[in-house]
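First the structure, in the form of structure tokens, and then the observations on it.
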Amino acid sequence: MKSQDRLHRIRHRLHEIIFEADTRAGKWFDLILILSILSSVLVVMLDSVATIKVSYGPLLYGIEWGFTLLFTLEYLLRLFCVTKPLRYAFSFLGLVDLLAVLPTYVSLVLPGSQYMLVIRILRVLRVFRVLKLASYVGEATILIRALLASRRKVVIFLLTIVTLVVIFGSLMYLIEGKKNGFTSIPRSIYWAIVTMTTVGYGDISPKTNLGQGLASVIMILGYAIIAVPTGIVTAELSHATRKKISTQACPACMAHGHDPDAVFCKFCSERLNPSSNK
Amino acid sequence: MKSQDRLHRIRHRLHEIIFEADTRAGKWFDLILILSILSSVLVVMLDSVATIKVSYGPLLYGIEWGFTLLFTLEYLLRLFCVTKPLRYAFSFLGLVDLLAVLPTYVSLVLPGSQYMLVIRILRVLRVFRVLKLASYVGEATILIRALLASRRKVVIFLLTIVTLVVIFGSLMYLIEGKKNGFTSIPRSIYWAIVTMTTVGYGDISPKTNLGQGLASVIMILGYAIIAVPTGIVTAELSHATRKKISTQACPACMAHGHDPDAVFCKFCSERLNPSSNK
Amino acid sequence: MKSQDRLHRIRHRLHEIIFEADTRAGKWFDLILILSILSSVLVVMLDSVATIKVSYGPLLYGIEWGFTLLFTLEYLLRLFCVTKPLRYAFSFLGLVDLLAVLPTYVSLVLPGSQYMLVIRILRVLRVFRVLKLASYVGEATILIRALLASRRKVVIFLLTIVTLVVIFGSLMYLIEGKKNGFTSIPRSIYWAIVTMTTVGYGDISPKTNLGQGLASVIMILGYAIIAVPTGIVTAELSHATRKKISTQACPACMAHGHDPDAVFCKFCSERLNPSSNK
Amino acid sequence: MKSQDRLHRIRHRLHEIIFEADTRAGKWFDLILILSILSSVLVVMLDSVATIKVSYGPLLYGIEWGFTLLFTLEYLLRLFCVTKPLRYAFSFLGLVDLLAVLPTYVSLVLPGSQYMLVIRILRVLRVFRVLKLASYVGEATILIRALLASRRKVVIFLLTIVTLVVIFGSLMYLIEGKKNGFTSIPRSIYWAIVTMTTVGYGDISPKTNLGQGLASVIMILGYAIIAVPTGIVTAELSHATRKKISTQACPACMAHGHDPDAVFCKFCSERLNPSSNK
């Protein structure tokens, strides 16, 4: 009984440190964790630079293993102190935590394979955990909600872009042809995306008069069409900002959604309590 | 009498399946149609890749004919089950349906001609039919209405862009000249469009000091001027979003700006007249 | 007396045709004028294409002289039928009309000189006269007013851009140096403008690690900073759109600027006349 | 006593001239100062152009020293006439004033060193002082306040961009590899920034099919994601503009939303309380 109670206390304390950020220990844990994540990402990056790998290869390999063991321990502790381990393990952040350690172990079984690196860089996703940190979450929620609210409009916009890009890409393939770098319709569509998004690498560019004319149309279209997603998100965001102000609930019929300047409930005519943050 | 009645029933049933999406069969038909359209577009694309055409040319040719016959049958069925066939045939979607099958037949009469391909890719327009699908049409209507409402402002904006581009292009032709790639005024205007829309291929770029100075002016202008279409569309879109909400006036205090779901005036508690367009 | 009266009538009739667009003749005159302007601009453009000049040089030269004589006649008629010729001659449109014919005559005195071409292309400015055409002027006025209202904010924005571009350009000159194409501070500033406005030609691009790092900062800055002019113009435009609705004047104190939903004058409490377009 | 009084008067007069712009002398001082700053920046720029340095090197060196001595004198006078010299010396503008003269003196001790130039160009920061000039400060304050208010959203946005760029850069390193210019993860991240911000130099560009496909996704993402900072700043700016306008409530019918210049309620004709912040 006593030892179980002690285990419970340890578990609770660990949860406070690892998952929460209200106590002093919790804040320090979060800070160290973020620094570790950033350092480990930096090590992966440096490891990819040829000149650095030649000189410091084994050192970087060691540090990488150090971080992997550290994050493995952290992952196990998280599983231990959580009340529903399975629910955590299959949550988005839980999966990211697991994927952040797996690649190093997998690279043991299949040593030196280039392919392994593909999974390894998923460790970079840890950076997202930094967002758990602060009151920034509230503002992030507003942004995400505004983007979700404009979801359908964005899908329509993307479908329009895809259609335009397919048609213009195919036309350019016919106009410019293989000799000017437009070797196939997929490659021409790639060019159309490069042009319409105003990126403009210049690795492929129209040479004929007709091609340059059509390219001009695509550019002006791409230049003007960016107004659409901007307009959608802006309208949604200023709506969200406006909506944020209203909070009161009617004391009689409990209805929500009153304007901040409302004096009477618009559903039952009951006088509203003067809100404190008015 | 009986056979005519039967024909009528078949026609009605077909219309339900092909044109509507409320029944189970109608939904399946729409889904299969969209997948077929996307597949056929993919086949046209793959057919343009040299390495793939060498190996799978005949196969792709076969699939292409298969899709063409399928879409031809679909087109004939649409004509059959519609009450006013001519009206459908000359509607926008009807013409697209026809143009989606014609090129393959035309390529029989004029075999192997490069020119034929120009019409063939119009088949890609079928992707637009995907938009018929869902409740997305409502949101699309809002977007299109906002764009139509800002039509005149957009025309003025485009005229300004064209004028600027013609003047700047001509100036650059005089400043840079033929030796720096600005071989003619039309080509210089093409460069001005590439620059002002911030695409910037780099296939033509100013070399002289004066030319680089003028190019800097064009770039900053193009960078700042994009605010204009964005502003137009955003103002129109937030107007459209706002319009959806408020109309009624209080019969007692005449106050406006009530929410569409308001029953009582929020300023004086008077009962509001039930609005007609609620 | 009679001949003077006749002259007056002719003058009035000409003014109606040339300056106004209400009569049938006036509309035809405007249409033909715009087509002539566009054609003459096209001729100047074609004249600059080397291959076309070789074959059709003399023809284009003749057409150019034809248009010049036509526009000269038009300019003289405008001077004749206007009541205050000097005021027209020194107005913006009057100066453009003059500059549209001068270069061809000047090219007679100084034949074949490349320099002359600089003035010649100012003829392109005639395109602006097209804007005189329609009810589009009203919408253009809204746009221009919104831009003028945000004048100061735009100046501050441009000053910030210039400062950033000078500092970043100088830093890149020191980091990259002459061997990587950053041959002088002005050229490095040109590169900074190309980068910050997201044009990105690629004729000059950073090669060192430090340079690519700083370039990344400039790019993200330029990418995010475009939000500022867009925000300015959008806020001003939606303000202008809102303002547009108010038109009534108080019958008692003549004050303007009432909201469209106002029932009483907000300055003197007089009841406002119900507006017709409410 | 008398001499101290005279010193005080001189000090006061100098403060009026140097720090304020209300008197005639103060305005002239500001104007000359700004012209001197711009000229000195121009001299530094010209000094970096190889062809100019060869011919006018000594002259530019002399002018540079002239400006340095002038600005040193100005800096000492500012220290002299301010009541709290230390507070000025450590303010942002005070530090900029000091850094604007230091590099030339330091270049004496360490002659001809390339490294010195790094600090020298900080003199360019003087351009910022131009902003002290006019009523533009008010508008600048609105802009800065709007940007500060959207600070957190901008940080979230930048974090998202950084994360995306790290992940996409790493993926491209694996897909394209060293042979196509993606020599390391940091360089691939640089490419991802160049692409996502729609700059698109073209110095590095994907060659494989998979790489071009992923690049297309990054481009469309970067093209659409720019809507987010724009939406944030616009929503904040129109909020700031709106706030300036309305506050009072009618004492009779409690209606809000009156214009700041309203004397009577526009809904019920009641006289409004004169607002305090009018």
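Labels A, B, C and D are assigned to the chains in the order they are written; within every chain, residues are numbered from 1.
Keep in mind that, in the parts below, a residue touches a chain if its C-beta (ideal position, glycine included) is under 8 Å from a C-beta of that chain, and two chains touch if they have at least 3 such contacts.
Just so we're on the same page, UniProt names per chain: A, B, C, D = Ion transporter.
Bear in mind that the values here come from a model prediction, so they are computed numbers and not experimental data.
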Chain pair with the higher count of C-beta pairs in contact (A-C, B-D): B-D
Which listed pair, A-C, B-D or A-B, duplicates the contacts of A-D in over half of its pairs: A-B
Copy pair chain B, chain C: interface residue numbering same or different (half cut): different
Gap in Å, rounded to a whole number, between the CA centres of chain C and chain B: 29
Chain centre separation (chain A, chain C; CA means) in Å: 42
Two or more partner chains touched - positions in chain D: 157, 186, 189, 198-202, 222, 226, 230, 232, 234, 238, 254, 257, 267-268
Chain B - residues contacting chain D, complex: 198-202, 230, 234, 253-255, 257, 267-268
Chain B partner contacts - residues on chain C that touch it in the complex: 41, 44-45, 48-50, 114, 117-118, 121, 124-125, 127-128, 130-131, 135-136, 139-140, 142-143, 146-147, 154, 157-158, 161, 186-187, 189-190, 193-194, 196-203, 222, 226, 229-230, 232-234, 236-238, 241, 261, 263
Residues of chain A that touch chain B when the two form their complex: 152-153, 155-157, 159, 162-163, 166-167, 170-171, 173-174, 178, 183-186, 189, 195, 198-202, 205, 209, 212-213, 215-216, 219-220, 222-224, 226-228, 230-232, 234-235, 238-239, 257-259, 261-269, 271
